[in-house]
Structure formats: structure tokens, C-alpha cells
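My questions all concern the structure below.
Chain naming follows the written order as A, B, C and D, and within any one chain the residues start at number 1.
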Amino acid sequence: MSIFVGKETRLLVQGITGREGSYHTSRCIEYGTNVVAGVTPGKGGQLFADKVPVYDTVKHAVLDTKANTSLIFVPPAFAGEAIIEAVDSGIETVICITEGLPVSDSIKVCDYVKRSGAKLIGPNCPGIISPVDNVKAGIMPGHVYAPGRVGVVSRSGTLTYEAVGQLTPLGIGQSTCVGIGGDPVSGSDFVDVLNLFEKDDFTDAIVMIGEIGGTKEQEAAEFIKSEVSKPVISLIVGQTAPPGRRMGHAGAIITGTAALASSKVKSLEQAGAFIVPSPADIGSTTKQALEKN
Amino acid sequence: MKLHEYQAKALLSKHGVPVPRSEVISSLSEVRQSAQNFNGKCVVKVQIHAGGRGKSGGVKLVDSVDMAEEVAGQLLSKNIVTHQTSPEGVPVNDLLIEEALNVSKELYLSILVDGGLGKVIVMASEAGGMEIEQVAEDTPDKILRVVVDPNVGLMSYQARDLATGLGIDKKLHSQFIKLLLNTYEAFIQTDCSLIEINPLAITSQGELLAIDAKASIDEDALFRQTDESLQYDSRQEPQIEKLARTSGLSYVKLDGDVGCLVNGAGLAMATMDVTMAAGATPANFLDVGGGADVDKVHKAVEILLSDPGVKKVFVNIFGGILRCDVVAEGIVAAAKASKTPVPPIVVRMLGTNAEEGRKILKEANIGVYLVNDFTEATKTIKSLS
Amino acid sequence: MSIFVGKETRLLVQGITGREGSYHTSRCIEYGTNVVAGVTPGKGGQLFADKVPVYDTVKHAVLDTKANTSLIFVPPAFAGEAIIEAVDSGIETVICITEGLPVSDSIKVCDYVKRSGAKLIGPNCPGIISPVDNVKAGIMPGHVYAPGRVGVVSRSGTLTYEAVGQLTPLGIGQSTCVGIGGDPVSGSDFVDVLNLFEKDDFTDAIVMIGEIGGTKEQEAAEFIKSEVSKPVISLIVGQTAPPGRRMGHAGAIITGTAALASSKVKSLEQAGAFIVPSPADIGSTTKQALEKN
Amino acid sequence: MKLHEYQAKALLSKHGVPVPRSEVISSLSEVRQSAQNFNGKCVVKVQIHAGGRGKSGGVKLVDSVDMAEEVAGQLLSKNIVTHQTSPEGVPVNDLLIEEALNVSKELYLSILVDGGLGKVIVMASEAGGMEIEQVAEDTPDKILRVVVDPNVGLMSYQARDLATGLGIDKKLHSQFIKLLLNTYEAFIQTDCSLIEINPLAITSQGELLAIDAKASIDEDALFRQTDESLQYDSRQEPQIEKLARTSGLSYVKLDGDVGCLVNGAGLAMATMDVTMAAGATPANFLDVGGGADVDKVHKAVEILLSDPGVKKVFVNIFGGILRCDVVAEGIVAAAKASKTPVPPIVVRMLGTNAEEGRKILKEANIGVYLVNDFTEATKTIKSLS
């Protein structure tokens, strides 16, 4: 079992015929994901990789293929609308890989999705992978992952691969790995994912990877304190980042005391999380935490 | 994207927010005339993209044209160092010459995006003129917050609530409400990520004015912002960052000697942290991104090596979309093309085509130390000190 | 018992110091309504009629007086915002008398109120009166009404007084009378009010007064057919109105076949409503309907 | 507030919606030059605020400058009668001289407010050029509808769905999407209550164009609309309605002989219905409103009496905010001031100060028939025939 995606996932890819879209769709299919349709306006009627039907509109794709999950690769100026199109067409879980959405678009779109009752992961995220159910709806390198009982949630892409790259060789497999994305405003935050992991019978512990900027980690700490019974292993990166500078991610900028790595670590420590002292220690700290429990 | 104070004020003024009379000057010969507009009673302010200019002597109140000229001469075309700049500081290319006002009260007002809420918020405080972080620490209850519903925007009743909460004289409420709504309009119309008015002054004549203003535009929205007055002043940026930016690389210059080349922002920060934990200091943040090709990696290495502070390089790649062999080829090409001696390069490669990459690097004979994990990387970096 | 208002109503009047606001607040108090506060920005601190405290903001008024219902008399350009202020401040039922709101404001505001869970009556309505509970939150002439067991709902003001003026002399008292307003877009429609009357144990029958324009009466007919067990007595006015012309009310304009009085009458007839043949017969038709049941 | 076709097209064009080339002319001397622009191949269209102009000869295709001049001469400065006008018709003050195009397909497109949904909707049909009510009756499944969420506005994906549903050639989809989004922008920016493009033509060159356009502005939003090109053409309005409007009265001229004076729009419609049921026909809809004073009632009666068609008057007042004695005084004042003989006035008064009002009327001796209810009113009106 896994969260957000699973055996019942019928994946639609918006922007399937683009460079990124087509490359990653192939990787998702290889991993075992049930990709049922693609959408690229104007390219409707084609077949992707000789088998996945391409549509002009999400509405038609959903009507024809009963897709329930969407993976979005469209350019930033159109990504917000692509999310709304997915939700309006009945898609339940939307995963937006696109980086570079204007934050005012994200604010409106996230609010819209919340009202609709659908779920949104991202934007600017690597997606979701469930090694247990062989579903990959994202851009992560599938071979790093192994099935198991640890959930991973992170604001970062490659750093998640790093984390998993430390876990798998130690025999620690993953239930689901969720990248919530590096933007300041996103569809799902740590709290949303922690909540699902806490309720997931197939997850025993949660690795949470945060970074400087914003207060999402502090909100997570509050939630962990009161609602999470499973062990949480947490790493915060950006200890050495200077204030006021954007470190790649739109959200990774120290704008005040709360945005500092040290402040986030402190909150998580007080919430009872296992703190990973250095990015080198994600695997070992997780191992210790699992042995302790 | 940061704007200068004078740009932020022009933006506010365009949207109907009152600001003091002022002029931007960029040569000493303009100072006297500007200062004469205010009979010499004016404030001379350096226009730089860094906080802390006041404490570093970048803001001076003068009371004569002569003094204005003298102060301007000390500031203009020099570098100024504040606690937010590098030790070399940033260049002062422009000065704002602004009328000096009789201020009876200073307030704080800002509009920004709250990531946790996923909404725009307005923050206001009666403790104006201080850094808001300080106020947040010392007297958090002096900060008022209002959350803006994205569907209906900032409501004037919310502005009125703030006016009441700030203890503003009722006679000035409508002035404050108009000022705040106009500031919000400027924020939304221009895709700002921040507008901060600090202080927002109430003059002895009972007028509200933005005495100092900061504004940043959301870089991701620049494609739809066409106002030319919102141009970025790239002279404020270190040459090396400018070069990286125009090459499509995300780069932040730091003070250390370990040049870092990483794919992914999170991993790049992690790499910096590991470097620091090893007792070394990173020279930069650099994310080559997921879609890099050989040329882009080549360019990235070239930029790293152009920093005279860089004594060794730490390449940390987790191949995913970006293949390790592509990175290796870029490194080799840059090393071979380098006109200066290439410092030792510690390379960690994992993921897609890692073996191929390592092989390319080994065979190129360019002084590469191949390591397998962070621990080994740390040791090697240490040993190179 | 009554709907929307009742013994527990604590009324706040927004725009209490204006000409209309002050006149009607006095009439509401005379009728027995518990008016606990008023709001006029800039006039906070005054007392209205020597006893009702006036505030600058709804937030403060609600904090101090626990007002739960608001009656709005502010000018059309500010009325939309006044409604949102009321809802944001915790008011549960908002009654907006103001006529002349731009329809695009009404669209946004009604959507906002719906999402908030509060109730909105109007804009451009005469308000609500409950002769049973002696609550008048509106501008209707109180002396016409008498307590009883018939609910009245109407798009029109004076025509409701006319209707009640025919009912009361026949001994047919009213439980609650609701004016939903004459605008094309409003907070509550016939369906919302019919639903409450159907559930209200103190209402035996419903008089519904519609007019030309829009399709609110057709929607009501659908609802009556499937959900309303109580007798509905219905009058539609505007049989003689020419197409394409606005008959006073912003919503009273025949824009297509469905907007015609005849089409509305037909729908209601098919839904089993008692049709009032002419405005002169509201009382007599209601009497017959009550005797039949 | 209705706009003329040429105003609607100017509005659309301003927002980037393609329209045919055209010129508005208001004197015969301008016709030749206008028609010459199109080598005489053009359409001459009367600009009036009433539907049905095509069937009434108000739209003529011509193929020479001479013919254009001849047709214009037949139309300009005359009155035109359509099924939507009064028997006198409406004046033709302006003609639109527009290029004639080779149309390969005609579509229907409109944006309007759906009261039931409380939202803006877009309606589209492949059955263009016909009245949409007719299409709705005959082939309702040929009408596509899209509901606009007020918080995010019309989405281009919705426009694409419509393009697909209308069977528009894929090559033209982006043209259609842009046209619809621009029309929506015009609708929102200008506070429209309706924009209808019918037909929306696809020319043989594969271009989409608004061949005919209707637009109405929300009268309640006029206070914030400052565009001068959106002026109302009051020449299209009967003189009596214009007078009423400028006096703040809601008045619609009808063809009957019973002048109606009522307070409240609903009661006014009810009064018209009752009049009709009595076998008489109302001369007007008139709502004096809740806040009327003696002067306003006086003015209302004066306006009623200025209609030569009015042979009797029916006053129906349910006093609430408006007191009956105020109405009575207004009626008496107007009757006494009238220079023409005052027709019989049937008065029904109920509610606030009804007794006082009746007394004033009785004592004034101006030929008033006081009645108590609708039934009595009907009888009296009948007896006066």
C-alpha cells in the first residue's frame, strides 16, 4: 500500500509530447506505472510510444480512459491552468512537475484545488514513487528505490534520491516517497503528507527532508508533536546558506529568523523528531531510529 | 528580483501611494541642483541591493547644499560594505536625494506571500523604523497580520481593522486605507513577492508617506511584466553571478574556497553543509539543473574556476535526468580548455551512468579524486587543505 | 418558530447612521427586534437612539455584542465588501437591503458567502420578518403582518406587502416572510427558502411570488416537484411585460422563452403548485389551498 | 444599458477580437466615401437598439457605391419598425458601412450572467446566424454551455473544449481560443451583462471574425466605467422614457391607454397584469420607488399625463416607506398644475397613512375614483372604458 498513488492509479500525462514529458513518461511506463493517456492540445489522435492515446483535452482523456491521476509537464505560464483543467475534469490527484509558476498563480490554483476536494502535489516537485506498488509518477531515477516500510517526504528532488540512495543499501526500503516541491506555495505541505503516512498501515517510519525558507518545517513540527506516533527522521539543509539569497528553489530563501535551518532543527527536535546531523547521515540516523522503536 | 528604493517608490507612486519628493542622481555634478530643490535640507541615500545601509553610513541627513555635495562625494562610485554584503561590498552607482520631513510617527507596513498559508498577507506594526525581525523577536504582539483571500483581494475593511489596531488617528483612517489598498494593487499588478514600507511615516502635517520602501518582483512572473521601470540593476550583482545567470545556472557567490558543482538545489545546499562540516567553506551555491548538457556543465566549471578564491572543487552529482557521463564530459572539456592551472577536483557520482562518468574522468587525467560517499568526500576535501 | 431569524436573533445594522439605515433600524426596534449594534466607519463610539452602540468595524461589534445577524444599508459600491466583512467577522445570516450592486460584485460575493457557510439574503431585497417571533430585519411595514403558519417568499418588496395584505384580513397569519430580492444574482434563491420552509415545523403552506426574468421559478418548480410536501401557492407577475426591457428590478427582463411568465406558470403548475390567476387572488387562492389540504 | 453594434465592435476590437472593417456614418454625404473603401461591396446596417432589424429591411448587402448611397438614403434619418419596437419604430441616426466578406461558416457565441447559477456563462452553437432562442427550442443539444468560476475566470481549456465541441478545424483552435478569451476580458473589464457575437464567421480565408455583435453594460456598474465610447444613445429611447430616467423614475413605455403609477417593481408588474385582466391595456410600467417625495410623485404624474395615449390613470400604492399622503399630495399638485384636462384617476391606497392620503385626494376634487382592492379597481377601470 502507498499514499497518493497505488495499484489503482491510472495515470494521465499532460504535456506528454514535449521533450521532458515524453522522456519521463517512458521511464514511468518502464517502472510499471499504468499510463493510460496523454494530453497535448492539437496533438489529439496520436499514439504515444505506439500505445498511449493522446487527447486534445483532459475531459476527453478522462471520459475515454478513466484516468484518475495526472502528471503535468507543461510550461510554467500554462501549468496553473493545466492543474485546473485536470481537477475540473475529475482527476483526483494532480502532480505538477513544472518549475517556475508565478507565485500568484500558485496561490489561486492551490486555493481552487483545495475547494474542489482534489489533491495537488507540487508544483516544482519530482513527483511520487511507490516502490511497493511499482508506481512512479514523477521524474526520480526508479532504480534507486526499493520496496519497504519507510515513507519519505521532501521539498527537494536530488536530495531525496540521495536520501534513498543511503537507505536502500542499508536494507531500508520505502513505502512511498513524496516530493512536495521547492516552491513557497504548494498544493501539499509536509503536514498533509505526514498525516497520510501516519494513517498508512504500510509505513512504519517517516524520513522528512526540509530546507531553509518559510515555516513549513515548523508547521510540520507542531503536527508531529500532536498527531504523529511514528518515528520521524528529519534533515534540514541550508545551514550554511546566507540570508536574503534564493538558493535555487523559489522557496529556499532566508527571510527571517524562522526561515533559518537552526530554527527549523530546533522545532523538530522539540517535537521529538530524530535529527540527522549531516546529509551524510540520513541512512545511519534512520537505521538507529528504526532499531530504537 | 530586488528593486532599488527609488524604483519601489516610483512603483508605489504610480499606484497612488504618497512618497517624499526626491531625485535619483548618478553623477556628482547633479547633486547641488537636486539638493537645492529642498533648500539643502534633504537625505542622501545610497541605492544598493543589500540591507543595513543605514548602519554602514549609506543614509545621511544633510542641511545644506554644500553638505549634500560633500556626503555624495564620499558615497558615489565607491563600494559600500554592510552586514549583508560580501567583504568587498557593493557599488554605489546611484544616490537618492530626498526631501527631509518632519515625522511625528513611524509605522511598519509590508505585503508578502506566506508560504504556510499559501496566501498573501499584510503585516503592520506601530514599531516602524526598526527591522521587523527584531520586532517579531522582542514584541511579537506589536505585529498585526491580515490574510488576503485570493478570490476577492484585500478588503478595505481589513485595512480599517489594521488602522484601528495600529492606533492611527481616526481622521487619518481613510488616508491609510487608500494607501494600503493602493500598495496592494501595486503588489498584485506587478507580481511582487514583497513590498515593505518601513518606515511609513505620519508627518507633523498629518500626512502618510512611504519614507523608505523595498520591493521584489517574483522572478517567475517576469515573463508577463513589461514595465521597463522595473529593470533589474545587474551592476549590483557580482560579475560571476551575472555570468552564471545569463548561462541559465543558479549560482550564489560565497566567501569560501571550495567550489561546489551539484545538480539539484536541495543536494547543492546539502553539499555546502557537508563541506562546512568538513571544516572547509564553500565558495558558492551552484545548481546545474536537471536538464544540463555537456556545454552547460563546461560553462559551470569555467565559471567556478574563474573565481580566484576557489582552491579546490567538489562535484556532487546524483544522476537522474542528468546523466553522470554528460557531467564528466563537461568537466573534462572545461579542465582541458582552462588557461589557468586546474585545482584538485573531488568528484562523487551516483545514479544514472555513474560508472561511465567515473571512467571518463579517470581516463582524462585531470587530477580528479573519485569518492563514493559524503564521508569519503569530507576526508578528501580535508586532506587537500 | 421561523426561518433565518428568530428569538435568538441579535441584529447588527451596517450603515446604521445613514438616512435609510437609521429610519429602518428604529422601525425594526419598534417591531420588537433585538438590535444589538450598528456599524458606520468613522462613527464608532456613538449611541444610536440613545441605546444601540455604534462601531467602526463589524469585528469589534461582534466581539462586544455577539451579534449573529446583519442588516445592510450601505451604498451599492461598498455593499459587496460590507457583506464580506460581516461574514469574515462571524455573522451567520446577512441580509442586504441595498439595491444597485454591480452584478459582477454579486457573483463574487455570493460565491464567497457560499464557501464560508454563512447565509445571505438579497441584495436588493426587503428583508425578513417573522410575525411569530416579533423579529423584523428589513424594511417592510410591520403592521400588515400577523403571526400564523404560512410562509411567504418573494422576489419583490411591495408585492409581498400586497400578498400579506390579502392574507391577514382572511385570518391567514405568517410564520416567516422572506424577500429574496429582485437582482438576477442573489445569495438565496427560492429553492433555498422553500427548503427551509419545508423543514420548518411551524409552516404549513408556502406562498411563492415570482416574476419574469431568469429561471429561478423553474428551479423552484423542480424542487417543489421532488422535495416539497407542503402546499405551494404561486403567483407570477409580468404577464404583460414586453420582452427585452428591464421592469424595474435588475433581474426582471425577458431574455428568452424561459424568462416569460407563461413558461414559469407552466412549470409551477406541472410541479403541483396552486397557481394564483391574478394578483387580486393571492388571498383567496391561498385560502382554498389551505382548505383543500 | 444597450450599446449599438458599432460600439460593441469597437469594444471587442479594443480587446483584440477581430471584426470586419467598417465605418459609422450619420449623414448621407459620407456614404459614398465609406462604400468606396470596400469598392462598393459592403453591408449597410441601421444602428438601432432593437432586435429584428434584418427582417425589417435594416440590413442590406450592396455591390456598388451607387447602390450603397441609394439604400442609405432609404434608411437614414427615417424611423424603422421591427417586431421589438413600438409601432412608431425607432430613429435611424447612424448607419454602419461594413466590408462584405466571404463566409464559409457561421457560429454563435455569447457571454452572459446566469442568475440561477449566479455565474457568468459562455454559450456557443454551431447554428450561427439564427436567433439563439429559436435554436434552444428546435435543437437544444446544439447549444454548448461553459460555466466560469468567478475566482479564476474563463480558462483557455474551456475555450478549447468549446472549439472541439463546435467542430472547429484544429488549425483554427488557437484563433478561436484567443477570440473567446479576449471577448471574456472585454466582458469583465467593461462590466457587461451581455456580449453576443452572432454570427461569429469563419471566412473562406480561415479567419474568425465577429460579423454582428450586441453588448449591454450592467447599469449598476456604470459608476465605475469611464470609457467614453460606451455612451448610451438616448436618441433611441422614447422621449418620455428619457424624461423619466433623468427624473430617477423607472419607466417603460407601452402601447395601452391606462397610465400606471405604482410603488415597487413587483407591484407595478402586478398592476399591469390586473389592468390587462380587466380588459384594458397598460400605457406603461412605472415604479416611483420607495424613497419618493411629493416632487417625485408630481413629476411621475406629469410624465404619465404627457403621454397622449393615456386616457385614464391607475394609481396603486402600498404604503411602506413611501407614505400614502405623500403620494396623494404629489398627485393633487400635478393635477392642479396640468395644462391639459386630467383624465380620470383610479386610486388604490393601502398601508402607511392610507386614510390621510384618501382624504387629501377626496378633498382636492380632481376626479379621483377611490377603490379598496384589485377587484374594485378592475371594475372601475372597465366602467371608464
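A few notes on this one:
By our rule, contacts are C-beta pairs under 8 Å (C-beta built on N, C-alpha and C of every residue); 3 or more make two chains touch, one makes a residue touch a chain.
Just so it is clear, the model here is predicted, and its values are computed rather than measured.
Of all the chains, the one whose CA centre sits at the greatest distance from that of chain C is B.
Counting C-beta pairs in contact across A-B and across A-D gives the higher total for A-B.
Annotation: 28 Å between the Cα-based centres of chain C and chain D. Here the spacing of chain B and chain C, counted between their Cα centres, is 55 Å. Annotation for chain B: residues touching 2 or more other chains are 150-151.
Counting partner chains per residue, chain A shows two or more touched chains at residues 108, 111.
Interface of chain B with chain A (complex): residues 50-51, 84, 112-113, 115-116, 118-120, 132-133, 136-137, 150-151, 188, 191, 193, 218-221, 223-224, 250, 252, 254, 262-277, 281-282, 285, 287, 290-291, 318-321, 350-352, 373-375, 378. Across the complex, chain C meets chain D through its residues 20, 23-24, 76-77, 100-108, 110-111, 139-141, 144, 154-162, 165, 182-186, 189, 209, 211-216, 218-219, 235, 237-252, 255-257, 278-280. Contact residues of chain B toward chain C in the complex are 149, 151-152, 155-157, 160-161, 164, 170, 173-174. On the side of chain B, the complex with chain D involves touching residues 150-151.
Chain contact summary for the complex, chain A toward chain D: residues 41-42, 44, 56-60, 78, 81-82, 84-85, 88, 108-109, 111-112.
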